[in-house]
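Below, each structure is written out as structure tokens.
Common to both upcoming complexes is subunit A, partnered first by subunit B, then by subunit C.
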Partner chain A sequence: MRVTGRATARRGVARTGLWAALAAPGTLWLLALFAVPFYAVAAVAFGYTDPLFNAPIPEWDPRYWDVTTFGEVVQRSLTGDLRPVFLRTLLYVGVALTVCVLIGYPVAYYLARHAGRRKGLLLALVLAPWWINYITRMLAWLNLLQDDGYVNDLLMAGHLISEPVRWLSGNPYTVILALVYGYIPFFIVPLFSTLDRVDERLLEAARDLGCTGARAFWHVTLPLSRHGLMTAAAITALPMFGDYYTTTLVSGSPTTTMVGNQIEFYLLGGSRKELGASLVLILSALLMALMAYYLIATRRAERDLT
Partner chain B sequence: MTTHDVRRHEHPPRGPRPRVREERSRRRAVRRGPVVLATLTWLYVAWSLLPVLVAVQFSFNAGRSRSTWQGFSLRWYAGDPASVAADPGLHTALVNSLVLAALTTLVATPLGVALAIGLARWRGRTGRAAGGLMLLPLATPEIVMGSALYLVFTNLYLFVPLGRPAMVLGHVTFSVSYVVIIVRSRLASIGDEYETAARDLGASRLQALRLVVLPLLTPAVFASAMIVFASSMDDFVISAFLSPDASSVTVPIKLYSAVRTAPTPALNALATLLLAASALALVLAWLVLRRRGSTAALRDMASM
Partner chain C sequence: MPPHPRDPLNRRLFLQVAGLTTLTGLAAACGGERPGRRAAAASAVPLSRPTSPATLPLHADVPAVASGLEPEKGGTLKLLNYAEYISPDVCKAFGKEHGVEVEVTVFTTMDEMIAKLRTAGEGFDVCFPTPDVIAKAAVGKLLQPLNASYLPHLAGVWPQLRDPFYDKGSRYTVPYNAYTSGIGYRADRVKSLPSNGYDLLWDAAYKGKSYVIDDAREGLALAMLRNGVTDINTEDPAKIKQAGAWLAELIPRTGVKVGISAYQLVAEGQATVHHCWSGDMINAQAYLPKGVDAEVLGYWYPDASLGVVGTDTMAVPRNATKPVLAHMFIDHLLDPKVAEQNFSYTGYQPALTAITPEKMVTDGFVTEQLKSTIVTPDVYARSLQILQISPPAEALWNDAWAAFKAGR
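After this line comes the complex of A and B, so read on.
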């Protein structure tokens, strides 16, 4: 590079040209099929409704955007009938995420620090559900949680319950457990890769300076894994917020409806697509705020470490 | 045995007796920790995989039940009028899934490889912006991407009919980023020495790319193709938003819609076949990546 430095500088433009040309098809693809579709959501949400067919007419020109529908949906989300749906979604995701931390942290910690020779095998086993189809994994639980399924058999055999629990009709605990089951692999794996990089010598230093195991964990491992913990939480929470199929599969009851169900209902079920589009915008704004917080927090965490 | 224990044996404590006692109890605590953690970890692994294994088991059930074992049979794969082979709905779903995954792989892989190489060297603001755009699909919940694609195909790109064409476009959109990430990490580990050497020996920039860089990238390209195939097979949300009727239904959509209405072990058989197809793709990817050490390969796949 150094030898050809001057020639490179001279050919700078041609050089960039080739790389830009290679990146162009993919970039254009993402513009046309990722960026433009987002704009289409806004165009539908801020568009008009055809009074005759009751079909949405997207408004592509931002100067003529009409925010009445959007305002209505915001109103309904804050104070109206959609408020319980948003609160329920927050509650389910919050509880499910907490359970993910309680189960996932010890597992990732063991995997990274104590698994020894079994590390490869365990990592493969922990990764396996990641690649098993989500719906298949839910189907698996639907088999087990039927009224006469293995779970009820087991609980009755252990005399923990006297009659079969109806797990699959509107039971919020089932929905939360299904969410945990579905998304916990996404939590463990990024956390594992952070914990795996924690320098063993730092812990030995803490020990040599008189820390007990618990204190070393609290003062060294935990702060060093904060970044991974937040990444894992973000990776897990984002798809959970948009989930609609889990609650449909394991509950199917309006008492466990999440935001995703409302979006699916308005977009695919009914004719009020502008309501669905508005909800997508609200959900995206909520998630973007979370992501922004995540980015700021991780940057601060990184600065604290250095 | 943990690293700490090894250390302790190497450097026996030199202090007076109380230190030794303290040392011993501390060592015991360190040992007890892993036992609890190990139990928890293995319980977790069992919890996460056993239900799926039970579901696979019931695909071979001789009876109609998905909760009582009535003996081994292959009737839900072929033979029974409701089996995967005989039921047109189930069998169309399987074919649709395979065709969709194959088309997605064929489009997304070259697109992603070119994008990865381009982005790795394209300096300047536009290049950085393109790199940021590439990362966004990874951080977008599927429902948001699914709704956006659905609205754009029904309102703007009216020449793309919902069904397989729209589904291929949608799947490629979320897959491209996977390819870029895998190929870029391989590019970074190759470094630019080989390419510079080729250039110094008189190769043109394109020749260096074709004759030196691409062969070095082959394992990463193959692995990312397999991963695209598997993730296209597994996708539910994007497909569900872009599939208008029964003719374009894929396996996950079929499972989703049938499981609460008329479930028979044939659904378990269909799920098992899907599992087998994506497992095959992933094992192939792993075998190729393994040359750099199995744990590194798993970690590569984990970094997705």
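After this line comes the complex of A and C, so read on.
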């Protein structure tokens, strides 16, 4: 009886609009900081450039949108000079994500299941790099990885290599490694929170029903953590796609240029901001498709559980 | 087997979302031409060349400040400049003398500077434009004409720059600094200097250790000059494309990288050869790791007319709130003593006759080896300059550079 009573009470409050009001700040936030800027990007992409000052003039009225530049960028992305950039970005993010899974899953698993009382401390340590500013951390890598740096010294001392590895000379492995390093805490934390909530009794039940540890993991823990795994992948992949500074710092070579670098070039350096804005739209469309897939997949994962 | 009820629905939703983004593009394709949009004022901006100098227009509603006024007192003198491109000590001393705060707002590109000048309500007193944007800033009424009566030290500027081709009669600007674009290198690692120093960048011996300035015009001009092409302000698509192709040779041959930190990379040894500005190598002397001698730094600049020289200027924005003090500040920076102090901070050389390579070596500003970094009126006269080109041509240069940077 009390349950129904509470439910009625809640419906009563809903009628007063309290719940809607509670959502208002979030809605306003989203409108002000996402929808409006996104529309502005579209207005620049479909607008034109003031020939005198080289400044973009956004076209706010969709009736007058000029899509020639956008078409040019789409075409260049499919067949032209931007195609290798997109493919490279997809490859780097894909590999970096795989590495994140290989490194991050065991870490999150250990934290959630075996860390015991040290859980809090270890979680804090995973986030510890965040106490230091991003540039400083990356510059530290530059010192470690330079030709006569400690990494090469160590590898040479161990006779693993005979001459220094050129880590910083446009080496795609370094870029991927730097991406993983930069974003892996984003991966571990959401995965940890999912794994932490996995009901121990389900695993006990699996054991009771004759599963080995490995099979229990495969049939119970892994499916239950699928949702967290996808959230972690989405949270990590989205910023990686837009990253341009990591590759600038650890490589700087044209052979490791990512989409973000070309966006930066056209928006900051060039006279054609509408081209950079079009590139932003295309990247966003790609990310939106991925996000849509993520939403569908997580919903499916949730439904599988019930 | 009956289809799983869940899958088609989800696929449909997925397709809807994916299709939505495409639709946005399609809907946009229906867009028409806004009436009157093409009215452009670009043709009014003169493209100045050394062979066809430009006299910039004056506007009745943008007068120069009257002569003989007292400088404004109190408040803040606002400068708009690149980061670390003026000595804080020089600013502080000037502020103390005149009872004002001197505050620097920084920008990273000329586009950004222009955007800041156009922002309503921002009253900057002194800005530092490059010659390629002066014409549009003057035509667009962003600058005010200078009153030479407040600038007695202008007499000490190189003769060519007292009446420069980009601003005949120095109506809006006076020169700030001069620099060349050449090749900085580690003298201890470069075995022999080729007669064409640009070849250093094409030399596979320095694979993974060579850099090009991260700038479309500079980078492509480098490729042209290395191949003896002097037309570095061309609007010819074929020539621009050719420059891009020459530059792309570097990707497989030397694994070239792009950057603008030559002062640090050459000094620390990450770069053996670095296409850079002369000021970078002057600054590199301060970035040498402990125990490394300044003699390891070298700078090559061509003797013939195959080099690029650049200058920066000073101007007073139209909305300056302290125009008289702004003039005095500019004149202060042209005072050889102050200019030398400023030079020691920025590493970029004032275009004053008092600054000679010999004097800079004896004053300990540069090593004998880096004498080539000092620009003289002769070097300026024989060199090429990267100048303003039409917007469509600029788009071609940018696309060629973007293609190079895409690693094709």
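The definition used in the following text is that the second predicted complex is superposed on the first by the 261 of 306 C-alpha atoms of A that agree within 3 Å, B and C clash if a C-alpha of one lies under 4 Å from a C-alpha of the other, contacts with A are read in each partner's own complex, and residues count from 1 in each chain.
The criterion applied here is as follows: a contact is a pair of C-beta atoms (placed from the backbone, for glycine too) under 8 Å apart; a residue touches a chain by one contact, two chains touch by 3 or more.
In this text the structure is predicted, and so the values were computed from the model without any measurement.
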Query raised in the report: Which of the two, subunit B or subunit C, is in touch with more residues of subunit A?
Result: B
Query raised in the report: With the two structures laid over each other on chain A, which partner does A:A292 touch: subunit B (first), subunit C (second), both, or neither?
Result: second
Report task. Using the touch definition from the top, say if A:G158 reaches subunit B (first), subunit C (second), both or neither. Result -> neither
Report task. Identify the partner contact of A:R137: answer first if only subunit B is touched, second if only subunit C is, both if each is, neither if none is. Result -> first
Query raised in the report: Just subunit B (first), just subunit C (second), both, or neither: which does A:P25 touch?
Result: first
Query raised in the report: Taking the superposition as given, does A:V85 touch the first partner, subunit B, the second, subunit C, both, or neither?
Result: second
Query raised in the report: After lining up the shared chain so the two structures overlap, which partner does A:G210 touch, if you call subunit B first and subunit C second: first, second, both or neither?
Result: neither
Query raised in the report: Touching A:Y150, do we find subunit B (first), subunit C (second), both, or neither?
Result: first
Requested in this report: Applying the touch criterion given at the start, work out whether A:D66 contacts subunit B, subunit C, both or neither, answering first, second, both or neither.
Outcome: second
Query raised in the report: A:S251 contacts which: subunit B (first), subunit C (second), both, neither?
Result: second
Query - subunit B and subunit C contact sites that coincide on subunit A, given as residue numbers - result: 146, 252, 268
Report task. Under the touch definition given earlier, write down the residues of subunit A that touch subunit C in their complex. Result -> 42, 46, 48-55, 59, 61-67, 70, 74, 81-82, 84-85, 88, 146-147, 166, 168-170, 251-257, 261-262, 265-266, 268-272, 285, 288-289, 292-293, 296, 299-300, 303
Report summary line: Residue positions on subunit B within touch of subunit A in the complex are 1-4, 7, 26, 29-30, 33-34, 37-38, 40-41, 44-45, 47-49, 51-52, 54-55, 58, 66-68, 111-112, 114-115, 117-124, 126-127, 130, 133-134, 136-137, 139-145, 147-152, 155-156, 169-170, 172-173, 176, 180, 192, 196, 199-200, 205-206, 230, 233-234, 236-237, 240-241, 251-252, 255-256, 259-260, 263, 267-268, 271, 274-275, 278-279, 282, 294-295, 298-299, 301-303
Query raised in the report: Can you list the residues on subunit A that touch subunit B in the complex?
Result: 1, 3-4, 15-16, 18-27, 29-31, 33-38, 40-41, 43-44, 56, 58, 103, 106-107, 109-111, 113-116, 119-120, 122-129, 131-144, 146, 148-150, 181, 184-185, 189-190, 192-193, 196, 200, 204, 207, 212-213, 238-239, 241-245, 248-249, 252, 260, 263-264, 267-268, 273, 276-277, 280, 283-284, 287, 291
Query raised in the report: What residues on subunit C touch subunit A, complex-wise?
Result: 6, 10, 13-14, 17-18, 21-22, 24-25, 27-34, 37, 40-42, 44-45, 108-109, 111-112, 114-115, 118, 136, 139-140, 207-209, 211, 215-216, 251, 255-259, 270, 391, 394-395, 398-399, 401-408
